[in-house]
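Listed below are the structures to be examined.
Look at the two complexes coming up: subunit A is in both, with subunit B in one and subunit C in the other.
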Partner chain A sequence: MLSEAGSEMTVASPSEKRRGVAGRGRSFRRVLPYIEAGALVVALVLPFVLGDRTDLVTLATNVLILSMLAISFDLCWGLAGIMSFGQALFFGVAGYAIALVGRDLDFSDAWATLPLAMLVGLLLSGLFAAFLLLGRKTPSIIFVAFGTLTGSYAAERLVSGWQYVGAGNGLSSVKLLKLGAYEFVEGDTFYFLALGLLLLVYLAARYFKQSQLGLVLAGMRQNEERLAFLGYRVQLFKAVLFSFAGLVAGLGGALYSYHQGFIGPGNMGPGLSTTAVIYCLLGGSGTLIGPIFGTATVEVLSYALSDIDAIRHIWPVVLGLVLLLVVMFQPRGIVGLFVSDRERIGSYGRRRSSG
Partner chain B sequence: MALLEIRGVSKSFRTLRALDGVDIDVEAGRFHGLIGPNGSGKSTLLKAIAGAHFADSGTIVFDGNDITRATPYERARAGLSLKFQITAVLPELSVYDNILLATQSGESLPRLLRSSSRRVLGEEVSGLLERFRLVDRADDLAGELSHGEQQWLEIAMALALKPKLLLLDEPTGGMSPEERQVTGKLLEPLRAHCALVIVEHDLHFIRDICDYLTVLDQGKVLDQGDVETIQRSPKVQQVFTTRV
Partner chain C sequence: MGDEVKLAFDLLAFISVMVLIVLGLGIIASMMGIFNFAHGEFVLLGAYTVYLFQDSGLSAWAGILAAPVVLAVVGLVLERLVIRRFYAAPIVAMLGTYAIGLMIRETVRALLGGQYKSINEPLSGAFVVFGLNFSVWRTVIVLTTILVIAGTWFFLSRTSVGLQVRGALENPNLARACGISTSKLYAATFAFGAALAGLAGALIVPLYQLSADIGTRFLVQAFLSVMLGGVGTFEGPVLGAAAVGGMAAGLPWIVIPVLADPLVFVIALAFVKFRPQGFITQGRL
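== the complex of A and B ==
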């Protein structure tokens, strides 16, 4: 039966599967713009508040950079309904690419290396999209999840044994990012560079979500098969989103590599890929701002608790439990506590209040 | 040449032969009803036309193009539109957005990204909302509509694709008698725009709206002709009196 096949193929994010009563109906208040504005204000004043605590500025910069990875995953899952368990692959490979360009070509100028990293992310994810999504047969969600996971795992193993790229030790002493004669070291300027780039990525993703393309994605998440019958090339839309997500992850990976001065096999493996899933689901998938909150929560907690030995050893277990609890009890994540389903899913036509 | 030519189409599910060498012509502008007892193959045939199943053998030619093995997406682009038997509106989107989604399906990806047709299509959406009596519910979620209203929304969405041929799988399923009457009235003006293939259990409804009927039984065409011919057909009467 068509309807049965449809329900199998439907890709609803976990949060959409358990829709509650709250936030339904025709009247809903928009709160996301306020949350976004508030987050931006906090991000702008943060370095001044932190002042001399350079370790905390470094932590905050790290959060901004990892947020790009989280948004990259949100573009896949929260917007396009693609369960990617390998998002760190694009992050890590781009990080390696710019580290190698720095080491072998002695070049680290932002105007060329950051676009290069984005291109690497875009091409690699485009390749994966072509293989995983654009076949004649509609791929199942499991196929894509395992395909991306395998890619991420294989890359980590491959790099671990490859002397040219530092094998298990990774690449350290990555050349500093330059803009003309200026070199970005850890600190306020790197923080604001990361913030500026994250803002651009965020605005682009937000534009995607609110465009007519976003309406197609919202429809796809609810019933992919139905969209095909409306004449949409569903898999092509997914491939486009997946490639753009790869580009975003690539930019994040390059910044990470420059900021840490180090990139290793673990930065492209399933460990970081899964952490990206946690960032996004904890914060609230499909909201774009949620993944940033998720990243901040996980990273700040991890930093604060890292001095306590007992907790540090079981930290991955704690994260795993957090993910489980979120999926079971608060599938809409932190942001979902404040944002209605209707606002999260999106509204593209008129509203009564506006005429 | 007919708009849709079905020749020798067969389809089996394991041992069950759901369709067995079916030949049907659907002329442009005609309202063509498919009737028959349960399990006679009506829905299977409709799905083979729309692309939800592929026929095992035989050919389906639509508007001069062989679409026997085309994907649902390619068929939709060619001008075929299907209204599902079980309503498949997008429950978490507003009624307005459901119709907008259908009207904008011909747009290219860059145009969708730039939202360049949001305003222009708005008028088309409003027209459909009005025609299908959904204006007051435009801002409600599609999942909150009554069953009858969801059926109308489905028809509106199928029609928004500006199809040459609209396939309706039980358009009045689960409707009250009043809603059925309204549905008949809503469909009547379509005659000028497209041909219709309807699968329907309600024989009164189908007699009122269709010009031409095909009766299926056990996967084969039992008889076809205009409504009077079918009503007088002894073969059809025999099947319907003994097995329905």
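== the complex of A and C ==
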């Protein structure tokens, strides 16, 4: 029963399918590029609008950093159809890695630590991909989901009991990120650093999605077995995407650690992992820009409402309700309201004739 | 000699707790093919029911009897409103039940005010056999677990409803064609699984303090148990729970405790990796 589980994320009813097809034909207009450009413009002018409100700039930077985690999950689920309940694992471990490098080696130069964090994320997720995805037998999607969940849970438990890395208290006063003699503190410059890196990550993910690789992935989400019969090594594609997602999460984790000046066991546990799921599904999985919207919505709302005592206590309940409603009634998320299915799934680059 | 018997008894008691928790999860996973992420919170609700009874001055026994009933009703309502939409899509079911679990857990956390509450054992103390002390309440748990397993097995293999359940598991379409309402059967199965979780929660809460996270601490182990034992069988999850529970309780004696938990996970996952169907081959409930 479990092995035949389809990995396409939505179970579209006939009426929903028709709505998607309506975008076909001459009148087909691409909306996504405008949304992306609009988001970039907003992100560029935001610090100037916020001006002196440093707390809001910090919040915005946080949104950008967590967006990397959300995109990392979107790469797994929205593109490769891997349900990863452990994306925070790579985020957290990379965050710990650079915090330890800062503490023990007294080193925090961006040109080395950020690539190091990406490498840590890449290697760890590559290891997980090799164990969970590759092998003679095709793993069930449930097995992969539990494997990632277990990894994240076990890591949180392990780190909470390990004195060298600060046990339950985590590592605080992480050394500031440096570039040459310049130190990045919270504020506009850190914001633009995060924005620049997020833009790079986004463009890379977008390139992945719209290349021929993205076409294969779309086919895999539709019908994995058929793709396998066509000769594609489906699991290998998944493993590649999963490793790349780990790299993105690692970069996000390093920035988070530098920005907050703190990293704790909770930053690698199932709690943050599932928050990433909420970011992505709320925004609209598979669109890449959706997870960023989802992150911004959740984080801004939780910041705005945190002053009201009554709401702060039930905020996780509200998040749960939001997830339930999205899963039940709007599996395409916020972006799905504006973007047709045809565009959401994407169009793909030409095949090179040289190949 | 005495120490070994003590250790064996503690292992047995912990395995019983695991089996109680896993049984409901396994039955739901086998019947409907969905993994219920809210199962830990059903356990929590069972524990919370006992707390409410004790808090309002009623007997804890009444609470223990009421917990499965309360949870059966909760399960039935949830199945009718939400869960039934998810049967075709196991991943969506995971997300949906996770959301439900999150809501229950955080609501209870808010109600408890983030505090730990201790529940008294309805039967406290210990009895002495051959000069060894055995906790009375742990013995009750072991005996109840044996009764529940025997009762469930009898129900599934010796009654006509049990036959319908097995039929619906084997081939849902054919069962429907024979006039068995699988929809009703699924609702009943989900309610039954929830009731088992409630019973488990009610029984184990005197051993562990009541906090909002009482369910989650077992959840990952419970999932691994079901996968390890094999979905679609009755014995599978029970054996899986015994294996995982035995390792989780026994390994801290061999390796340092911090490493024991992850080691259990690695062993279980590695086993599932190379034998995805679990201990027992599918379809023999």
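In this text, the second predicted complex is superposed on the first by the 321 of 355 C-alpha atoms of A that agree within 3 Å, B and C clash if a C-alpha of one lies under 4 Å from a C-alpha of the other, contacts with A are read in each partner's own complex, and residues count from 1 in each chain.
Keep this in mind: contacts are C-beta pairs under 8 Å (C-beta built on N, C-alpha and C of every residue); 3 or more make two chains touch, one makes a residue touch a chain.
None of these values were measured; they are calculated from a predicted model.
When both complexes are overlaid on chain A, the residue A:215 reaches subunit B alone and has no touch with subunit C. When the two structures are aligned on the shared chain, A:137 is found in touch with subunit C, with no touch to subunit B. Of the two partner chains placed by the overlay, only subunit C lies in contact with A:157; subunit B stays clear of it. When the shared chain is aligned, no partner comes close enough to touch A:31: not subunit B, not subunit C. Within the superposed three-chain model, A:83 lies in touch with subunit C and out of touch with subunit B [touch as defined at top]. Of the two partner chains placed by the overlay, neither subunit B nor subunit C lies in contact with A:203.
Of the two partner chains placed by the overlay, only subunit B lies in contact with A:341; subunit C stays clear of it. In the superposition on chain A, contact is made by A:323 with subunit C only, not with subunit B.
In the superposition on chain A, the residues of subunit A contacted by subunit B and by subunit C overlap at 2, 5-6.
Here subunit C touches subunit A in the complex through residues 33, 35, 82, 85, 88-92, 94-96, 98-103, 105-107, 110, 220, 223-224, 227, 231-232, 257-259, 261-262, 265-266, 269, 272-274, 276, going by the rule given at the top. Here subunit A touches subunit B in the complex through residues 2-3, 5-6, 16, 19, 24-26, 208, 210-213, 215-216, 218-219, 222-223, 225-234, 236-237, 240, 341-342, 345-352, going by the rule given at the top. Interface residues of subunit B facing subunit A in the complex, by the touch rule stated above, are 47, 50, 52, 71-73, 76-77, 81-82, 84-86, 88, 90-94, 96-97, 100-102, 104-107, 109, 111-115, 117-118, 122, 125, 138-141, 144, 157, 161. By the touch rule above, subunit A contacts subunit C in their complex via residues 1-2, 5-7, 9, 11, 83, 131-132, 135, 137, 139-143, 145-147, 149-151, 153-155, 157-158, 161-162, 274, 277, 281, 313-314, 316-317, 319-321, 323-324, 327-328, 331.
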